[in-house]
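In what follows, chain A forms one complex with chain B and a second complex with chain C.
So, the complex of A and B:
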């Protein structure tokens, strides 16, 4: 079996499973699957910065939360707004938010960059908490899922969890594929130059500031979309959408899954969400176990969980012998 | 034609004065070496020309444009390319990818997000041409960080040349190479920079006298002398600075 053939079979299998999930899984698990999809998009956008741009952003909840609040506000205050436009607003809000934050941050490097992005996220968190007339503070805002109108299909109710699952699946896959294709363009390559050696890149004519700002904003766009989907899924938004735990969840998922592979963060999101779901049903101190897991991965599994799935390992495992 | 003109450059680092009024003209097609004892200000001069530092006073003209205080990437886009004394490449990318980064920049495709990089035939062709020209064919698909030191020096040269620059600044291109490697490397530099304008900082006098058409001697931030290799060899001031003779 060739490598390419294996990928085709594997990809087809994954696609089939994703499409059949609502049929084979009980409803409560579909909720979990939707959550995984949303966090997979968030983690992939985070890894665009960390794994490809070499930018450790501690405040990735900022564009996520901005997208979430934008979606909630537009649902509540602009009745009749088509759902897809609402999600577009969420994504664009994430983009604009990241553009603004990035303008001040991307000139910095390492710990300074990380901490200033965190500072901006904390600032937005404080705004969400205190600006009660708009955000209702920590009480949060309820959101009624609008109906999805598709030409030719008419209105589709998203109160049916299966429909919501498929909508989320399509948008998340579009986002992740866009990310993948972006990385294959010359601009995506320029982003990797930033990670490898931004000083050298500037002497080759690359505008470091503009390149980093672009990828930071693009990651914000995807995070904003994830935030919009999250509100749609939860039918609720509160400060938890933009708090520091959200930022670190994105970081933990990405690092646990593996930053060195494009699908590492997806695996991380699956593992983190399922693990959290399982362990939090056993103990309320689940975050402790997530922390232990993180330490183990960082210390003993440098490439993250995805490195366990390397083609060489699978081949050895399947054929039962080493070359 | 004068390509690069330095006009009375001063630089001090919060009180530590490194350059005192350096003026210099680089003429098209020449190979101009800048030499001088340690601490003479050679590297600072390079860093000011290429936009790492801003001069405290004085102006820099490149192709008749005032580029003083321009950011590095804009100066690079004008066609001024520099190499580095230390290894300075993209470590986890292969040799080919390293060179390709420079070629993408040459074709002004740095911000292109509408096409796939590996589908661009001209970029691939030009990158491979450069890899072959510098004798890096065998290590084409090896990450830069895994190359031997000598190969990394070649890659450094490839990155500098790949953008087809108007003016090439080489900062100690043979630093760290042994005598034999240096000899081969000098031949390579001669071959690949033929007809181009070159400014180099170099400590190895054999390299300097082998390559340079003109030499400028810096000492304590001032130009001591400028002239052909023979003139410099005979210059009393230079002898004094280098050998301490009276």
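So, the complex of A and C:
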């Protein structure tokens, strides 16, 4: 069995499972699956910065939260707005937010970059908390899921969790594929080149500032979309969408999954969400176990969980013979 | 979150042992109303009082600034030497405060925690550095940061498991309880003690770093660790010492903060964010930068809340963004 053939079979299997999920799983698990999908998109966009751009951002909740609030506000204040336009607004707000933040941040490197993105995220958090007339602060805003209107199919109610699952699935897959294609463009290569050595990249004629700003705001676009989907899923938005813990959760998922592979963050999001769901049903101190897991991954599993799934290991496992 | 201090400053003007979490900005209104009621004696009196409020707030700011500096100094030295942004450092501060609580309540002697708490925490820090953190140096800066990040999570959750998530008030030692008259108001003695004590620590630290052989080695290692290594000094051991010493200082800050801010599981995160801001504004690796920035942040937070209470959450971040945009390596930073 060739490597390519295995990928085809594996990809087909994953697609079938994703499509069949709503049929084989109870409703409560579909909620979990939607959450996983949304966080997978967030983690993939985070890895665009961390894994491919070499930019450790502590404030990735900023575009996520901006997208979430934009979606909630346009749902509440613009009745009759088509759902997909609402999500587009969420994504674009994430993009604009990241563009603005990135304009000040991407010149900086390492710890400085990490901390100033955190600072901007704290501004937005404070705005969400204090600007009560718009965001209702701590109380948060309820959102009614609008109906999805598709030409040829009529309007589809999203109160049916299956429909919401498929909508989320489609948009998340579109987002992740867009991210994958972005990395295959010359621009995507330039991003990786800057991760390795940005002085050399600028000597080669690349505009480091512009390239980093582009990837930063593209990651913001995807995070904004994830934020919009999150609001649609929760039917609620509050300051938890934009607080420090959200940024750190994106970081945890990405690192646990593995930054070295495109699908690492997806695996991390699946693992983190399921692990959290499982262990928080056993103990309320689940953070402790997440922390221990994190230490173990950093110490003993440098490539993250995805490195357990290396092709060589799978082949040995499947065929039962060593090299 | 980290606003607790700023908010508590107001509560504390009213009464000493108010718990920081429950204090809120309404107290500002109370303070002003209070002034307004007394203001019927005449406009001049009102102005005196309001100037006094600013002065008292400034002293509050200095007290908190020195506290941040005690924690941030270890953080910035560790970063300067090894490039490790030690997120768990704020957890050491929190552990220091909780050990102080335990010692004060179970052994009945708050002063004992000045000795015990830093020792235990330094031991813990040295174990972490020697057996875990040291193994990640070869893999670049990211794993180090992530490892300390994991430890931060673990410590916060352990604190919640052991001590619970409610704030635990630590009684002010009898020797330092009470108030002194200050600017027409009374001011708690304990805060003045914090100010004095941290100045003594600062002096001691300055003496060690500027006047002793080991201080010279540390400063040299901050500016170029490889060169110091080549010159024959044992940099890993020096670093271990700085790591442990920094943790002990953070724990000491926790001990003296415990009766002042009370102990609560969020105190680590509050301090972490403030420390980040301080070391970035001061320039990573710069001790004097950290001192200047810590005092700036303390004063800014406590005075800023009088001007624009809505922005109290973000004053330090505002300052940090302005400084970083104008001077990307901080006020006193030299290298990238």
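Here are some notes:
The working rule: the second predicted complex is superposed on the first by the 323 of 323 C-alpha atoms of A that agree within 3 Å, B and C clash if a C-alpha of one lies under 4 Å from a C-alpha of the other, contacts with A are read in each partner's own complex, and residues count from 1 in each chain.
The definition used in the following text is that a residue touches a chain if its C-beta (ideal position, glycine included) is under 8 Å from a C-beta of that chain, and two chains touch if they have at least 3 such contacts.
This is a predicted model, so every value here is computed, not measured.
Touch criterion met: A:104 reaches chain C, while chain B stays clear of it.
In the superposition on chain A, A:29 contacts neither chain B nor chain C.
Look at A:119: by the touch rule set out above, it reaches chain C but stays clear of chain B.
Judged by the touch definition given at the top, the superposed model places A:295 against chain C, while chain B stays out of reach.
In the superposition on chain A, A:136 makes contact with neither chain B nor chain C. Between chain B and chain C, C touches the greater number of residues of chain A. Of the two partner chains placed by the overlay, only chain B lies in contact with A:186; chain C stays clear of it. Once the two complexes are laid over each other on the shared chain, residue contacts for A:200 go to chain B alone; chain C is not touched.
Common to the chain B and chain C contact sets on chain A is no residue at all.
Taken together, the chain A residues at the contact with chain B in this complex read 181-182, 184-190, 192-193, 196-197, 199-208, 210-211, 214.
The touching residues of chain B, counted against chain A in their complex, run 50, 71-73, 76-77, 81-82, 84, 88-93, 97, 100-102, 104-105, 109-118, 120, 159, 163.
Contact residues of chain A toward chain C in the complex are 56, 104, 107-112, 114-116, 118-120, 122-123, 125-126, 129-130, 244, 248, 251, 255, 285, 287-288, 290-292, 294-295, 298-299, 302.
By the touch criterion stated above, chain C contacts chain A in their complex at residues 79, 85, 132, 135-136, 139, 141-143, 145-147, 149-154, 156-158, 160-161, 269, 273, 276-277, 280, 284, 310-311, 313-314, 317-318, 320-321, 324-325, 328-330, 336.
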